[in-house]
């Protein structure tokens, strides 16, 4: 990150602070106000979209740690979300645990499952690892259907509405706030993890696993840790999503969602925490655009135009980014800002 | 015993289908080190093309196949030019991501073009049924068998004995060297994509004759990836052997293990992935894949 | 430098697209906010204004003032049920046009008129079988003033179920999943749930079972999908055993069938199964039947076995696709056939002649669309008899509309007249059994449904 | 015949590698380009042969012409077609192909089968050792044999100019001598111009007629080979210990920066 | 087996730190190392020289744990380390650089060096995620060391730049800094001066000697800079550097140890001259 001139750090504590300049603070404050006032002025549909974007951001943070920072591309992320979702559903419904207890447990369970499927990462990487995560998704999917006494099989299972100090979280507005608080938390945690010991080890592994090993990074342990952290985020997102629909079903976590999550990272910028947010918003809005203009194309093409477009638009965006701006929006933004700060030079 | 044989033979036939799709993947990987995740989507598109040519247009089968090959050639060229060539020289990962996005585009196109509806053309392909004692082989599988044998023979011939085959093998070894010697690597890449698309589309027409055309058909591409992992990423022989092994195992599992499962099983859909995971852990380079030494 | 141009262009396009999307949304947003802020001024006539509940409640609208009521909901136009849903949508579209022109509920309901000041408009969105899209579409349509809803597949049903109860919105539904009825909510079914309809088929088969020396052996042969697996529950096995079957097991055909389901069929043969019950959609049924014929399995084949499927819609696609090859296949459900001489089919044909003479929709689910649209209109009509139509709320439509629909004649499209009520969302009483004979669909008569298979669905 | 005119090269638009390189190779001449690793010698060769574009490098300014035809915008395949053949660093044989197939790849663009056959014999005559292994997979050849094979492969394209990148790299001193002897023979008998990039300055200057010294992306010295051989700086910096005596001791290097002689 | 005291070449008492005992290594039939034995002692800079492909890097890779020799053993301070994982060895105190710079291209100079401090950090994710209290203090503590290393290597100006875009010479320095940050007991340098001009070579030589000697209280927070690393293994091509800097030289050729001894001995060894230096040398 380049800082504008006139910003000095007088001790190391200042130098490692997350927010450094006044404009940075203002920007953050405006963003927070915007995010937290959405329910006041937006329609229910916008609110629903914002909630879903929030949940996706949490999940994408996890994938970003795993893929963007540790370099292990996963196409099984929606499988791990499924684990979290079902864990929450089972805990809330069958064990009667409160939502607040079940949500972290959902994250942990997803993390542990992530570790199990991350085990092959000791021996394989790159494309082979992608394949292992594909296998993970389908195996999880199948297991969920198999243990129907626990999961309700294909029918899925309803989840009771949680109470928060007497307020029903089923209320979409309150739930939106819950999700957004978690999004902010997840963003801070993701950012912090990346600038400390574990995060540096992850990037070291991504950039140069041989050197990392020689420098004392335990590859095996850190790869599994990356899987664990990434999947904890996925599990929490899965739990939130299940709670949002008050229902758990395997079809809420389709395989292609993992692809979109990856696409969000590409568009936002692999490895960048703020990029995650840009990417998620961009793809979700593109999909929303497809749903919007789809019906008007229905007459011209066919009634399914919306679905076709909601596949084509984000995919084409991903392709264009891969070709023309492989470092994503966050990098473009950075360059624009550098240019702007250096203006008129 | 008949039951077992039936499962075995059907598995063999299914495996040939897998092998056909896997070959397309292997050719691309071998020559350009690119992983084509969209191979299933190409197959799915092939099935829809088969439907269009055979049902609404009611073309004879040979004409349909010929036009489909022409479409495959076009498609290969377009895909290579628009999506793969801009990434030339980059590490393999962006290309994987590119083909994933490509999968999304092809899925979308199929939905825009055919409405994502189920379309069948069961009775248009020739029905050759083989009877081996009490066991009968499904006609589509016999066709797949014939097509893949012919294809492999052609490919082997091209690879071994023609000039372009030499160029392909050379490019597979070292792109820079071959380019510096005046061989157009881009031509070779375009060619491998053309081959892969043609194989995929022809495979799709055959497959569509069995299952009909519908967007979820592209899932078979993921199963073919399991085949490729089992056989070894860069081995055509591996693709065939892996396909057959996986087809048989999948079928045996569905026949013998499914009834033992608490809720009905449905192992057929997940078995290739279980095998893939096992292979990845214990023998990541597959049965026939080359193992490359990593040097510091 | 060229590179930057391209990057810039991509950026502009990418920014522009979401902005366009946001603008599209903006319109409705501004209207809602406008309506809320200007309540005192008396909610000016925006397109949605009249139906906006908060605004409408305080607006003194004259009885004769023009009112727009909405119908529709979410449709899954992709995936396994794509064709079915597209046909349902066509039915909705045509019926809406017709009702606006004729102001009566149906040709056979000339007494049920719709006031001239009410116009109906169809609102819909394509959820692509994705529950998250279902929810956003639902919220979107609700904010536009939709007081009723319709749902396509099982996961979508489940995603909306609680919302519907909370918002007190009644919904019609094409699903046949048992889960829709557990516990009874606001989702109104007009066809029997899957277990019920296949139980009807099991009854039918048992009646014709002549061999007294042994019990008939039954197995589930079904699609490996949410719909198919809905059937595979212990209550179903128990019921089959109870009425005199020997239950053998279940086999799943991968969906889509990337290879003929030879394995599954061989397993049936190996276990001497006489009857299979299952839900299947076209991508799995057609290869299954075709392969069964090739293996010599079927009622008229060397190996005697009857295949029975519980999804009413797809027989109408299967028969044109397969012709006599599908002979002997039994489908239990409640939809009549295009060939049936009933008022409903005549009405449907008339609609198609009028609105789509050149591209007739031959899918049987077109009839379903008419029935669902009619049910929604009837609920709105009943409710507006009690309340000022401009001030209708979804609660009114649910309580004064849906719950009051009794003995509702669908023109013979459904097996019997539909009756709904509070806690009784399943309107159907009969299962219709149909069989393919000589490439034609033949009605084998109806049987009462068994509401006692699923404990909570009574 | 080859004229490189003030080229600047950068990778990925940011990393500048060459800062204005000019050099010339005359007809039938052997020119040596010497200098330390990472100095930009290989990049210079790749800019000439067009391989730079394959590696996301770019010529930012300046031009390259071959027989008075500009070639800096051409792709590597077209440049090869004009008769420029590059022997890349590190003996890059096509390992799974046989020796003869390797040589045939070299002649891929040529249509005249008879001439190709003749040249094949010619290559085997230059390198009798690889004739024995013609049906063997080239990955099993020894280092020296592989170097011969890649030179032979480049020769199969019937080039007018050969670009040799570190032909001595990693070879035993004996093998180096042999390779250089053959390079010189090829130059004389086939009238092929050569541009040799070398770290082994002694070997390179022994056959070259003219030499350029490169450092940090710049040409810092050039002249006829015999004059370079006698140059103090070249002796000191590139011929290693051979000119010991007046050499500085690294142990005595000071903490402050030392100014380089030839830039002053 | 323990590293016992031995009499060194110069007659002074040296302790063996690393003992390489008769190791052999081959890849697919090609012998990279055959029966190499070598001792690394206290208070010396040991240089390993030899032509390309002689097995110098392979030997280094064996010591740092990348390659597992098929035969023979390696001992570090008396402990057998032949089959240890590289990261364990790093924690035991063996740090190295690479021939072709292997930096973390996506991190800044400062973070590259900080990443090596990793082994000394005690924070867990939870600490890291909160970034307050313990983990913040720890970050700052290690940051001090990193800054001293940056200062020592004179790379202050590129502290926050991504290393991917740095010039070659600076990247080499960052890599050296990263190895130093591990506070190793033994430093392995694989061709630290490859591809450098004289000036840069002198700089690096100076840095190596400074590290060896220690800088005392100029760098109070970094023990390695304060006290020096008294065992350095240097794999190098440039004879001039090697002759000047090293205390002892081992010559490898075709995977075998050709000779071992002081620079003077090596320079006059006829075998070495024959195989490597060339006759005129």
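Chains here go by letter, A, B, C, D and E, matching the order in which they are written, and residues are numbered from 1 within each.
Here, a contact is a pair of C-beta atoms (placed from the backbone, for glycine too) under 8 Å apart; a residue touches a chain by one contact, two chains touch by 3 or more.
Everything numeric here is computed off the predicted structure, so don't read it as measured data.
Visitor: Could you name all chains that are in contact with chain A and with chain C at the same time?
Guide: Chains that touch both chain A and chain C, as defined above, are B.
Visitor: Based on CA centres, what chain would you say lies at the far end from chain B?
Guide: Ranked by distance of C-alpha centres from chain B, the top chain is E.
Visitor: When I count C-beta pairs in contact, which pair ends up with more: A-B or A-E?
Guide: So, comparing the two chain pairs, more contacts are at A-B.
Visitor: For chain C versus chain E, what separation do you get between their C-alpha means, in angstrom?
Guide: So the centre of chain C lies 72 Å away from the centre of chain E.
Visitor: At what distance in angstrom does the C-alpha mean of chain D lie from that of chain A?
Guide: Chain A and chain D have C-alpha centres separated by 50 Å.
Visitor: Take the average of all CA coordinates in chain B, do the same for chain E, and state the distance between these two points in whole angstrom.
Guide: Centres of chain B and chain E (C-alpha means) sit 49 Å apart.
Visitor: Going through chain A residue by residue, note those that touch at least 2 other chains and give them in order.
Guide: Only 145, 153, 210, 302-304, 307-308, 310 qualify.
Visitor: What residues in chain E touch two or more of the other chains?
Guide: Within chain E, the residues that touch at least two other chains are 66, 98, 102.
Visitor: Residue numbers in chain C touching 2 or more other chains?
Guide: Residues 77-78, 82, 86, 229, 232 of chain C touch two or more partner chains.
Visitor: For chain E, which residues count as touching chain A in their complex?
Guide: Residues of chain E touching chain A: 64-66, 85-91, 95-96, 98, 102-107, 111, 114-116, 118-119, 121, 123, 125, 127-131, 135-136, 139-140, 143-144, 178-179, 182.
Visitor: Where on chain A is chain C touching in the complex?
Guide: On the chain A side, the touching residues are 41-49, 52, 145, 153-156, 158, 161, 170, 241, 244-247, 249-252, 254, 267, 281-282, 285-286, 288-289, 291-295, 302-304, 306-308, 310, 313, 317, 320-321, 324-325, 329, 332.
Visitor: Which residues of chain B touch chain D in their complex?
Guide: 88-90, 163, 166-167, 169-170, 173-185
Visitor: Across the complex, what residues on chain C touch chain A?
Guide: 3, 6-7, 10-11, 14, 17-18, 20-22, 24-25, 28-29, 32-33, 75, 77-78, 82, 86, 89, 124-126, 128-133, 135-137, 139-140, 142-143, 153-155, 158-159, 161-162, 166, 177-179, 225-230, 232
Visitor: Looking at the complex, which residues from chain C come into contact with chain B?
Guide: 77-80, 82-83, 86, 220, 224, 229, 232, 249-252, 254-260, 262-264, 266-267, 269-270, 281-283, 286-287, 290-291, 294-295, 317, 321-322, 325
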